[in-house]
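Okay, handing you the structure first.
Order of writing sets the labels: A, B, C and D. Residues in every chain begin at 1.
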Amino acid sequence: MIDWKLVLEVIGILIYATFMGFIFMGIERKAMARIQRRVGPPIYQPIIDTLKLLGKKESVSHGFIYDFGPVFAMGASIAALLFIPIANFQLFSSNADLIVVAYLLEIPMLGIMLGAMSSGNPYSALGVQRGLLTMVAMQLPYGLALIALIQHWGTFKLSEIVALQQTQGWSILVPALFVAMIVFDIVFQAMLGLEPFDIVSAPAEISMGPMVEYGGKHAALLFTQHAIQLFAETAFFAVLFLGGASNLLELLIKQIAVLFIAIFVASIYPRFTIDQAAKFFWKWPTILGIIAVLLTV
Amino acid sequence: MNGQYASLLIALPLISAFFVPLIKGLGKKAVKYYLVLITALQTGIAAWVFQEVYTTGKPIIVMAGAWRPPVGINLYIGHFAALFVLIVAVVSFLMAVFSIRAISVDPIDKYAMLFLLVMLGATGMIATGDIFNLFVFMEITAISAYALTAYNKTGEAAEASIKYIILGGIGSSFFLIGIALIYGSLGTLNMAQIAQLAGGMDATVAQVGLALIVFGLAVEAELFPLNAWAPDAYQAAPHPITAMFSAFVVKAGLYALARILYLMQAVSSWHSVLKLLIIMATLTVFVAEFAALRQKNVKRMIAYSSIAQIGLIGLAFALGTQSGVDAGVFHMVNHAIVKALLFLAVGHVAVSLGGAEMEKFEGLGKRMPLTAFAITVGAIAAVGIPLFNVFWSKLRILLATLGAGYSWAAAVVLIASVVEAVYYFRLIHTMWFAGEGERISEGLAVSLMLLFLAALVIVIGVYPDYAWSIAQKAGNDIFNVADYIKNVPLMGVGA
Amino acid sequence: MSEMKEMRNENDGVISYELQEFKLFEPLFKWARKKSLWIVAFCTGCGGIEMPPLATARYDFERFGIMPNPAPRMGDLFLITGYVTPKTLKRIIITYEMMQDPKYILAHGSCPINGGVYWDSYNVVKQLDKYIPIDVAIAGCMPRAEAVMDGIMEIMRKIEDGTADGWKRYRENYEYYRKNQDELFGEGWREKDARRWLAWI
Amino acid sequence: MINELMIILFAPLIAGVVAWALDIKGIREAIGIIGAAIPLAYLVKLYPTIIENPIDYSITVSGFTLQFQLNTMSWYFAAVASLVGLAMAFGMAVTSRESYDWLFALMSFTGVLGVFLSQDFVGFFLLWELMTFASFMMVLRRNRHESLKYFVLSVIGAYAMLIAIGMLYAKTGALDFASIRQVLYMDAAMGTITTRETAIIFGLFLTAFGVKAGAVPLHVWAPGAYSETDQSYTAFFSGALSKAGAYGFLLLYILMGYKLYAAFGTFHNHLTFAYIIAWIGAITVVVASFLAVLQEDIRKLFAYSSVGQVGYILLAFGLGSTLGFAGGLFHVLSHAIFKGLFWLVTAAIILQTGKTQFKDMGGLAEKMPFTFAMGLIAVLSLAGIPPMAGFASKWLIYEAAISAHMPLVAGAIFLGSALAFAYVVRFLYAVWFGQRPSDLEDVKEAPLPLLIAMALLAIPNLVFGVAPGLVTQYINKILGGEVVGGDYYKLVTPTGTYNALLVTIALVIGLAIAGLVYIYGAKTRKIPVTNTYQSGNPVTEEFNLSIRRNFYKPLAEALEFWLKYSWDRFYERVAGMAEDFADSLRQAFYNGNVQSYSWYLAIVLLILALWGVL
């Protein structure tokens, strides 16, 4: 009954996505370094970091939920990835649509929160609070952008959106959806936790936020989760606004393009405080979102 | 046992009232038991009359001295009169039993006499078929009510009865002028004949006559601007008497108002008087409910609530439709039971705990659980919660009001009943869930009566069909004037 | 590598667990540990100011995969920059024990070695090695950025040939270190110190 | 033999009265549970029959004929209510000390069943009042102010409905739904009922059902009433009674849908009246969720959250499209089960710890593992995490909202669901994780009946989450058409698909992979809470290591402008003014001296004279 082609595809895509995720994180650090005229680490540095963390000889736990958190987060990220149409591989994407994927991309947040909360460290509690507030703040513009998109294409199915974009040109060519793309890009910045909105794990303020108590293999799990999440979100962005991709290379180029926008924005702007971020999200992106939505209705 | 024994209903209380000084010689205790005996007899006769009227379906006509109307005075005991005479008798009997314990002030024989006269007056007002006889019985009720209000000999009681006397006096005098006007233009005092000839009267005379009569009876029936005497009178009167006031004295006045109103249907200004009565009735409900909101004395609070409910009955009668009148009568029956229950219970608390202030009621659930339960059932019923009797009649009234197109009146009444719910549930909360106290023994007689009335409330609430059918027949009796004229054997004499 | 013998001692369980031995991937992990050293962002002494230049474009230790990391659980390299007072030493010991093995310590300047200019001061720890195991020590009363880079290179070389075993020494003769620490601070100093803070919280 | 409808309807009431009368510790609980179980048993027994044709039954009471009908829709609502009712009964076996609670809880159960089954306005109004009165008495016992606030608001709603019923009765001359629908349908063309009157009737019905469903301006009673009563009863109170309000809105469509359309027409090709309901729902979702996030008391948080979730249902009904109804009906079920579960979890916590504020709770996960597992299921379901029932219904509502071209309303749901996620995680953090206060050391697991109750509500969460087709196929029967396609595991709507089983499998695969990576790493050892990184400082048990008080202070600061206005304070002022007006009225009128009274008589005489002559 199991069609082996699908299983192989899934395994292949998973390995490819994890590897490319780490490479994206490497590119991130390398690009930021190059902007600061530094040499910067090799592109595969995140892989080394993860291996080192995995190789730690001891690991510490604050209870079952503390261990379950990162595992759940990584599992959710993998699940989310399987439902996004990656280039020409339609893994499971025929069985789920935009809303399901949008929600699946948010579940890892719950996993990290679960783990961070059970670690019983005040810094991680602050991290959880900021993570939730950012998510609450960005959800409205994020929703409006998605709604604008759905209303323009008239369907929720990702595969259909990709097909429509292939025929009628990319989403960003439509003016209303271009505005939606700007809103989505700002929200994308917060989803990745990059500079202007990296309030969640603000290194200087609350020492790595939720991840303060994580070390060893738990940190390795979180790093791989972040890698897969990065790959999934950039692929999601590409599928929604840049017309998906017929083959992996085209997808890769689009993903890196999106990544570079995020990196450039990150390396310029200083960090928001959490209520500034909330006020910001509910002001400009929401207004743009409403404009986009009203244009497409 | 033919219909003529119905005249005993009037004769028995009258004669026994004048025997009371003789009984006084045997001692105070004897007078009280004598009172209970007489009221028990009266209830028996009333029950027989009720059963007689409702099985044969024909009203009993009693002609005083065998003179045929319109020359002689006749008693017309139709469906409504039979029902209400029974209620008057039952409530008087219950209050007589309660007075054994409740009345401690010394001139007990005078109390007994006045008690019987009030009962006589109310029964007479309901049963009479002659307009002047109606005035006479109203005077008997009013005067004995004045005396009973002042019975407690406190300054407050005296002041209340003075107010009652002045306002009652003005009212009844205008009522007399009205009757004189009608008698002058129609030449007859018999209600059936008045109804027959009302069409032919001169328009302005009929209009002024009707207006004055309605004004006179409105004072007795406690409609809005004229009921200022009521709260003080209710509060100052002894506990059994207050229950009688609210249960049937006011209702007799209201019945008289309705009877004459529907007799004079043919008068041209009939509809404008109805509209005025609706406004007055709605205002009664509104003002009385709001006045009761911040009352410290529970007895005065229930007095206000009783005035409001009577205003509601007035509204039902003033609608001028068959469904309105039926609903009004049904509400009269339910209200009589609920208010008797409430005043009895509050009187019982006042007697055993010495006062009816709100503080006395704290923790009543622990001290007098049975009375507290009775008050709770009464309060919940008065608010109009389903599975209790007042709900059905209040629903009927509101549907009739909305059917007649007065949606504003219904809205005002409903706002007022929200207010009523608030102060009744505050009372329930103070009784059951605040305050401490150890259990006090409650008198057996009063407990039995309370349980009987509470059971009646719940039975009518759960199974209202029988009560509703009686109310429909009684309502039809008032509304359907043609039947009334047909039933009264008029001689062919006169204009 | 000699088989790690079971540690059976009754102290507060900090060091009583046995360690994971990855036979198969050991060389790969050793390479990974060498190439990605995370520095615990805890500048203990006057040398802390030497750290930022390393991160700038001129020296850029990120080339070697080194990244400052605020959380000790993830940190590997612990830089003791400059003199160590007992008050700081308490924090150092707590942070060090929170770091996960394998972990390395780089001592800057002469003060951690023998007290340096503060050789006769009452408030400076003369010989740090008695309290926590040092892997590499850099000379110089606050060594320059190049010297620190050289020290880090030294640590990477030692990881490469497996001699950076400060954490193993700390584990094996834990009683010795523990005795010295209690000698300096007195028995049960953690609770006493924490309770002192309670007044303010 | 007595018709099953009557047994379903009055079994709880009779059981309640008997339990109240007997008042013996063991027997009272048994009777209560049996009384609550009978409706569910009969409904399941009747399921096959009502699929073909509905069962009718009518009784005449004091001249009114009360008609009851068990059709597909009323079966659905009644089944949801009785499921939550049974869970409540199990819960109350442990948490309620008094037979008083049993009487009024089961009376409100009968009330809500009656509201769902009745087919005419008198029965509907009677049982609606009974339900309100019984739930009010449950709250009266514990807190007078909150209960009076609840009663006044719901009685105003009930009386508004009575006036609307009266006006309809005056216009159509009928009281039962069938004939009213018929007359209104035909009347839409002729228009004997003017648009102004239709607007009044619509407004009155809106207030009546809005109060019970807790729409925004009328939601102020919910936090007080839900928190000031026996917590396992609140599972029923917020799980089933709020559905009566939602059912009312549905009734509005059935009875007056066409008339309202004829009267008000359309706005941007949405039905105007539906548009209003959708916007009320949207505002309720956003306002209630924002308030829920900022609460400090566990009961208040769930009260506001319950108001918000019912806002979802109103919104779904307001969309007007059949998909909207399907989403709304599914959310009725999922809200009942996960909110009921939440309240039972709260009951267990309050029963065992006696605390209700977040600041004195924490770290209960080890002490009450089963309750924690149930709480986690409820959290996942409410937050809308895919394998749970909550997500399936929320997904349907999203589909309906966006495809009904109501973008801003759909935006409100996005914000609402994010806030739901936030306050649910806040609950998890403040109660289950973090450092355990010293006085909660000896907390034990909740007693068995409460655990059964929780399991009773948790299983449907999982079952309908993985196989939402079960519910949607039944809803298709209710709505008559093939609204939501797909088999048991897959929901297919015209614009989107959601294969619940596959998502669950994907999650399982992901967890397996992550588990493998986890197992590969070094063996973990458990360390105490005090061994935590406080920038090097030593930490002992007395340190407060968790943020349990005003967790969302930054959000409160960001919303500080909006929080100045509160409906609650507004209503308190209105009530105060009403009481002062009452006092001034009494002093003005009954001022005690006879002269003024006689002047009143003179005035009435003057009016009579003028009235007569003019």
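Criterion: contacts are C-beta pairs under 8 Å (C-beta built on N, C-alpha and C of every residue); 3 or more make two chains touch, one makes a residue touch a chain.
Owing to the predicted nature of the structure, the values given are computational and were not obtained by experimental measurement.
Tell me which has more C-beta contacts between its two chains, A-D or B-D.
Looking at contacts between chains, A-D has the larger number.
Taking the mean of the C-alpha atoms as each chain's centre, how many Å separate chain A from chain B?
79
Taking each chain's centre as the mean position of its Cα atoms, how many Å separate chain A from chain D?
Taking the average C-alpha coordinate of chain A and of chain D, the gap between them is 35 Å.
As a quick test, compute the distance in whole Å between the mean CA positions of chain B and chain D.
Centres of chain B and chain D (C-alpha means) sit 45 Å apart.
So how far apart, in whole Å, are chain C and chain D when each is placed at the average of its C-alpha atoms?
58
Can you list the residues of chain A that touch 2 or more other chains?
Counting only residues that touch two or more other chains, chain A contributes 54, 56-60, 207, 212-213, 216.
Where in chain C do residues touch at least two different other chains?
17, 19-20, 71-73
Judged by the touch rule stated earlier, which pairs of chains are there in contact?
A-C, A-D, B-D, C-D
If we count contacts the way the header does, which residues on chain C are in touch with chain D in the complex?
17, 19-20, 42, 71-73, 90-92, 94-95, 98, 189-191, 193-195, 197-198, 201
For chain D, which residues count as touching chain A in their complex?
Residue positions touching the partner: 293, 363, 365-366, 383-386, 391, 395, 398-399, 402, 405, 407-408, 410-411, 413-415, 417-419, 421-422, 425-426, 428-429, 433-435, 490, 495-499, 502-503, 506-515, 517-518, 520-527, 529, 531-535, 545-547, 551-552, 554-555, 557-558.
Which positions of chain D touch chain C when the two form their complex?
Chain D residues touching chain C: 521-523, 525, 531, 533, 535-540, 542-544.
Under the stated contact criterion, what part of chain C meets chain A in this complex?
Those in contact with chain A are residues 17, 19-22, 25, 28-29, 31-33, 35-36, 38, 41, 56-57, 60, 62-65, 67, 69-74, 76, 99-102.
Given the complex with chain C, which residues does chain A contribute to the contact?
It comes out as residues 29, 33, 36-42, 45, 48-49, 51-60, 203-204, 207-208, 211-216, 219.
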